[in-house]
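In what follows, structures are represented as structure tokens.
After this come two complexes, each holding chain A, first together with chain B and then together with chain C.
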Partner chain A sequence: MKRWFLFLVAFGIFSLFAIKGFSLTADEVMKKAYHVQNYLADDERVHVEMKIIDSQGRTRNRVITMLRKDMDNEDKEQKYFVYFMEPPDVEGMTYMVWKHIGRDDDRWLYLPALDLVRRIAASDKRSSFVGSDFVYEDISGRNIDEDVHELVDETDTQYIVKCTPKKPDLVEFSYFKVYVDKKTFIPMKKEYFDKNGKLYRKLEVLESKEIQGFPTITKGQAVNLETGGRTEITFSNVEYNIGIPDDVFTERYLRRPPRKWLK
Partner chain B sequence: MEIASLLRKPGKALVVGVCLCLFIGNLSAWAAFRLGRRGPWIRGFIEASYGKKMNEDSTKHDEYNLAEMHFQLKSRVDLDFNDLLYNWGTQLNVKAEGLLDNYFDTTLSFSVRELNISLTPFDWMDVKLGRQILTWGTGDYLFINDLFPKDYLSFYIGRNDEYLKKPSDAIRISIFSDRASLDLVWIPEFIPNTVPIGERLSFWDPYLQKIAGRDAVMRIVDRSRKIGNSEYAARLYGNINSYEWALYYFNGFYKNPKGFADQSNYEVYYPNLNAYGGSLRGPALGGIGSVEVGYYDSREDKDGTIREIPNDKVYLLIGYEKDMGHDFRIGLQWQYEYMMDYSKYLHSLMSADIPEDIDRSLFTIRLTKQLMKQTLTLSLFVFWSPDEEDTYWRPSVSYDINDHWNITVGANLIAGKDDWTTFGQMERNNNAYVRLKYSF
Partner chain C sequence: MYNRFFKKLIRFSLDRPWMIIGLLLLAVVGAVFQYPKMKVDTDPENMLREDEFVRVFHHQVKKEFGLYDFVVLGVVNEEDPNGVFNVETLNKIYHITEGIKKIDGVITREIIAPSTKDNIRQGQIGEVIFEWLMAGPIKTKEEALRIRDEAMDNPLFYGTMVSEDGKAICIYVPIKAKNISYKVSQQIKKIISKYPGKEKYYITGLPVAEDTFGVEMFKQMAISAPLAAIIIFTLMFIFFRSFQLILSPMIMAIATVLITMGLLIGLGYPVHIMSSMIPIFLMPIAVLNSVHILSEFFDKYQKIKDKKETVLAVMDELFVPMLYASFTTIVGFFSLSFSPIPPVQVFGVFVAIGVFISWLLSLTFIPAYISLMPDSRLTNFGSRETEEAKGFLKWVGMLSFQQKYVVILAAVGLTIVSILGIMRIKVNDNPVKWFTKKHEIRIADEVLNRHFGGTYIAYLVLDAGKKDAFIEPDMLNYISGLQEFLQKKGIVGKSSSLADVVKKIYYDLLGGDKRYFRIPSSKQGVAQCLISFENSHKPDDLWHFTNPDYTKLNVWIQLKRGDNQDMSRVIKAVDEYFKAHKPPMNFTYNWAGLTYINMVWQDKMVIGMLKNFLGSYVIVLFMMIYLFRSSIRAWISMLPLTITILFIYGLLGWTGKEYNMPVAVLSALTLGLSIDFAIHFMQRARAMYGRLGNWQEVLIGMFGSPARAIGRNALVIAIGFLPLLAAPLVPYKTVGFFMFAIMAASSVITLLLLPAIIAVFPSMVFEDRETPIFCSLAERLLLAFSIAFAVGYLLMGYLHFGLQRTVFVSILIAVGVFLFEQIISFGRWCREA
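Presenting the complex of A and B:
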């Protein structure tokens, strides 16, 4: 009897350690969520529609097709190609980003009416993406190394991670909370708190589904709680691993959009 | 015509333009809704503009220099009706324009701004054939190696930036490789810049030796249409990590009428010009830095001894652009030009000639601030030359009322100490303009 008891106690303690050991740390959760949001598969084509709605219900639309290709297997270097379809005054414009970690991204904009390839100086990743309630970083992904992560809560379905910026003067928030789905690791909600600790902005996933085996966000929104404005974003025609060649992300295709890959 | 008579008054032209925009806007929205399309097949805009002149002058209309309605229709059509064209990714690109220009006689004129075919006959080659806009180089409103035609008349009267570039009838062949790519351009028929000649914008008339409007006597001698008057341009370029390098070559003519022909008939013309240059652009000092150099080889005056032809010149352009955060950007440029064989140049002048300096610096600054979720853009571009003591300010405020409507208010403000300098000669052309545009 005594032996059995000891065995049980030992097993119990071991299990506790084991569970503790198998449970994810905040860093691991964020790493997986970052991967799911930005680095699924080797490449991707997606049709993006944004509806920017102000507090009075007036809407503006942005429609783009985006190509993405990962340049390494470490969830770091990436290249993006963006083709604008709406609004009318930017139709046909193309935009290219070489995303870097630890230094400014390289960005180019091509204006077809002027046949002009412009280099865009853009170090502020917290400025609005094409006039929407999303900021540039929401789209290209905020580098996880820029924040300290802390697992503040855990429900049956979600990890809740508090992210505090290492360089607070570079951003307008004091911290944000991410609600990560335990099964898919999709960051289902992000809440941004200002310097007074007040919630002023949130991003939400409204719809997601599995595409080619990858957990994919298909609809979301960014809400500005201060102005009452919001932006709905819809991702459609998502396709992964289509084999986009490297040279699509060069000046050649900026001037002559690669129809084959933009369909 | 009822409408034509209405349009004689620029203010009324604007009102009629607005009504027309509203009509087309509603029609287009209705059509898109009925057809359930994601995007229309034909796109374009209609724009009404009015620019009030601020100075006494001797041009055709001294009270205004911009009063017009522009409309543009554009379309891109995939030519894929046979396998070869499909495999070549052949595409037809059309941009047609109509202009109801109240400055001259309120007649509607049509033009083709772009009409070209793009194709990819080989994996490593693109070809673009036909009327097209051509641009390269690193400058912002300053062009050293981009010797494709510009329309400075449109620039000074406050038309949309798009009109600064004039189309060329050209063949452009681009050859690509991993290390470097090559653009070859052939423009069979030389196309000059559109520059002020007095009727609409006053300028320094070198024969009158004063700023002239309709009283100008200078006459531009056009190049005749023949193969010998074609132009060639080439660019070899590539990337090294985040840096873009390029080498440029140009064989053609001065884009402005810089040479003097038959002086008893007050003639000026476009002398031969070769240009060689290079540029480098990439991240620097937390922003984007660029350097461009060029050598203008004035082929008709190799030694620099001919009074009627410009001497060779060296150009240097250094640019820097930085994102200051909160949708505020600044751009700075310094352009330096240096005349070769200066002593020979001085020697060739006649006693009444006003000698150019051996060198000239030109600085520019661009400030852009966007507000209200990037729908309101405040912009200021300033040219300033300490050597020529002249300056040109281009402030503007542009507001996207919604996805279709934009209103832009701006001004062209020019001042200079002397009447013969680059901007000084334009100082009576100051205007303040408003443009209302509907895009669909």
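Presenting the complex of A and C:
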């Protein structure tokens, strides 16, 4: 609670600086945006609905409940627990992530129909998030240390930061631009450019509001300009600081989801 | 028929030559101005109407399952013990793929290559890994071998992207439109030229074959047509020894071609594989009429000594046979306009127009040209020639009627042998086979299909109309059974479906135990396997095999050959499987894919061509009945043509050549060209009989200038088109060979068989009765038969009667017509005066 208060104060001071014309460096902007997107409060429960719309207008739905808990105060270690409710055939599927900085995340998947827990490994974090136009990294947050940041523009309301990956071979883009709201530090838009410098995908925040004092994204979308498909994502029933215990994020809860915390 | 109007027209042309030449020049210039508007269409898909079900369905399937036409690049390394799976080759493939991504018109995200495909595999115990098969350039041999082992373990990769022997990798390059495939293949060639070494590169795929054909076709047009023109020109020079004189048919032929093509382009029709052959078809036809005129002019000039009078005398004799010869050809080609294939319609109509133009020009331009020639040039012209028969032709003539029964027997024998040959004909086509065996596309096709499951793709699309139908394990097992069935029959190289995807994921999720290479036992199990797959880099790959609500399934079938016969075998086998094994759920199914489309239009074409051919046969028959006022003479005149066609197609059957598009179209040409000879022979023989009154003398006379004209025509065209045999494109070779065979066969058959028949029944051919046609019993019978034949054709071809019903109705008609004729033959008009 105290930390949260302190944060608000710090936030307020920064906002004041911003109004007074004190510009932030690109790294500072990205650090804040990274925090606002991924590390608000100590933990969080959110109901997520995704609508995947392909270029032919065909839609698929994904409904999940997601639990998150931060494991330190430095915006680093984090754990996620994902419970699938829709589509009906995958209900009861669970997914758990231990996010690490500087090494690969640990990920587990439980498939109830096969009664199977599997660790998932991936060569990178650019694979799709359950078939949507979001990639894994969009959801878990791309570690800001992986890119070089450059403040390319600043408007009345936004900082525009160009992020160039330090290891370009690991990703399919050459750089991306982030449009960060000056007031809330919500990254309102991310534009990804391919190796030929062509814009090929973008993420947009469509709605955001303050919940329990936190600037929270409530609706967004990922647009794949290459395929013509897009995914709308809605966050509802957002609750922060509900006090999820650590042991929820362990393998044994994959098979027996923690109903109490999922509600 | 040779009425005042035409006489006036010819007279006018002789008197006002410059007017005619000016008009012709105007027409040619007008036509040439249309050429910049030329649109080229080399897409065989356009052989079907745009709204044709197969085409509409094909495009719907492509859209629905996100499918594109592919250019296939094969990389083969036979030297390295590990084939292509060595560091150097794989890195080359990586860089080539990166280069291909930059080519305009390539659908980058759908490229199938080691570096663009995601792989699922087992890691440590209880771990599955999603990763790019080849994330980037590699450094060690171990990495190369790991890529090999993983690719070989993925049913979606081996046989498609990697060859089972490990010697080759195929990169599938999806393109926006088929008509850029040649351009794309050229750019790919540029890229691979930067990576020389032990690797051999091959580019193939139906779109490339089709598009490359288009490009080479135009090159051929620029070589073949002029080459044919030069040879025809040279031969004519040998026959007539007057450069100035033979210039006229050449000008006429070229003008005919230019005007016709200008008209085609000006009216907005694209130049298609078919219409590109118009010049080659028009050239001999245009030359044909003028050779008759010149040949006759040549023979007569020294007697008459006045060029205008000679022309008029020539026209007196030739107008009717030329009229009929031209109009039968026009009918033959115009009949193609009833074909179900749009490019064939266009081809037929414009060749018909071209023939009309050339006929008109032979009545106007040739006289105008001759009248402009200075008399001094003509003084020695044709002085060596006589109208009488001599030498070889005379010998042929004597043979034909002295050995008439031998000739007739030989013709009967030839007919029987030919019919036996026709029964052996295989209807088959494959655009890749339009290239000669040594062409790089043929070689690439052969090499890649030896290494892989096949580069020809057809899609079998199942629609259950019910949500989640295709994640039911029963359905997937059913489809899997179908795939095994096809594989066991050995008619498909490989097939891939959602069942393979599910099995592969299930097997990896369960730790790579081969026992689990199967479909999970519950629908939820399948769904959860699939959603696991959707966590990969390319979740959309799933939608090439099914649709998001799983109501439809798309089975990819790879064939090693794109021949129609192979495709129809697969279709039959699939039908057989569906019939023999009751599906767990009802569904409808249809086919898509270029290999399938080719089969459809080719089948359509064969039936269509046969129908059209019979149609024009019937029309020509009735034209002959009208021309000769006798069905007996009409049938006699149809004999050489009939036997020629039987012989040509019999030859095709005996030599094992396949019946394909160019061969089918040639039937119309045969009809048009062979009937010409018969008409000229019969008509002129009858005219001569009117003067001589003795059939033996007529026959000897016929082997003078008339036979000479026929022989010259045959030689000019037969030899003129021989250079086509050297063309790198098989359809051109086929046309060359057939022109030769048609000309040789029809001239020989005409010159031997007609005199033999005349010798047997001279009075039937020559004696004109005063009474109408139905007064003779034989004519009555034959006319009734002809009418019944025509009606039978209409019933079967257009009203889709079965054979039995058709025969029944035709017999009724024959009897009815005969009885009617019988009754009216008792009338007053049949009493001899």
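Everything below uses one rule, namely that the second predicted complex is superposed on the first by the 240 of 263 C-alpha atoms of A that agree within 3 Å, B and C clash if a C-alpha of one lies under 4 Å from a C-alpha of the other, contacts with A are read in each partner's own complex, and residues count from 1 in each chain.
Please note the rule applied: contacts are C-beta pairs under 8 Å (C-beta built on N, C-alpha and C of every residue); 3 or more make two chains touch, one makes a residue touch a chain.
Quick caveat, the model's predicted, so the values are computed rather than measured.
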Superposition on chain A - do chain B and chain C clash or fit: clash
Partner chain(s) touched by A:L109 [first = chain B, second = chain C, both, neither]: second
Partner chain in contact with A:D156 - chain B first, chain C second, else both or neither: neither
First (chain B), second (chain C), both or neither touched by A:M93: second
First (chain B), second (chain C), both or neither touched by A:S123: both
Chain B versus chain C as contact partner of A:E74, first or second or both or neither: neither
Partner chain in contact with A:E210 - chain B first, chain C second, else both or neither: neither
Touching partner for A:N61 - first (chain B), second (chain C), both, neither: first
Contacts of A:E226 with chain B and chain C, given as first, second, both or neither: second
Touched partner set for A:N196, first chain B, second chain C, both or neither: second
Part of chain C, among the options 37-45, 415-423, 577-585 or 811-819, whose backbone runs into chain B after overlay: 577-585
Residues on chain A lying within both footprints (that of chain B and that of chain C): 58, 60, 87, 89, 113-114, 116-117, 119-124, 126-128, 130-131, 229
Touching residues on chain C, where the partner in the complex is chain A: 63-64, 101-102, 108-109, 118, 123-124, 126-132, 135-136, 468, 471, 506, 509-510, 520, 522-529, 531-532, 534-540, 542-543, 547-549
Chain A residues touching chain B - in the complex, by the definition given at the top: 52, 58, 60-61, 63, 85-89, 91-92, 98, 103-104, 106, 113-117, 119-124, 126-128, 130-133, 229, 247, 250-252, 256, 259-260
Sites on chain B touched by chain A in the complex: 38-39, 43, 45, 76, 78, 89, 91, 118, 120, 126, 132-136, 161-162, 164-165, 174, 176, 178, 181, 237, 239, 242, 244, 281-283, 286-288, 290, 321-327, 329, 373-375, 400, 402-404, 406, 437, 439-440
In the complex, chain A residues that touch chain C: 54, 56, 58-60, 84, 87, 89-90, 93, 109, 111-114, 116-124, 126-131, 136, 169, 195-196, 226-227, 229
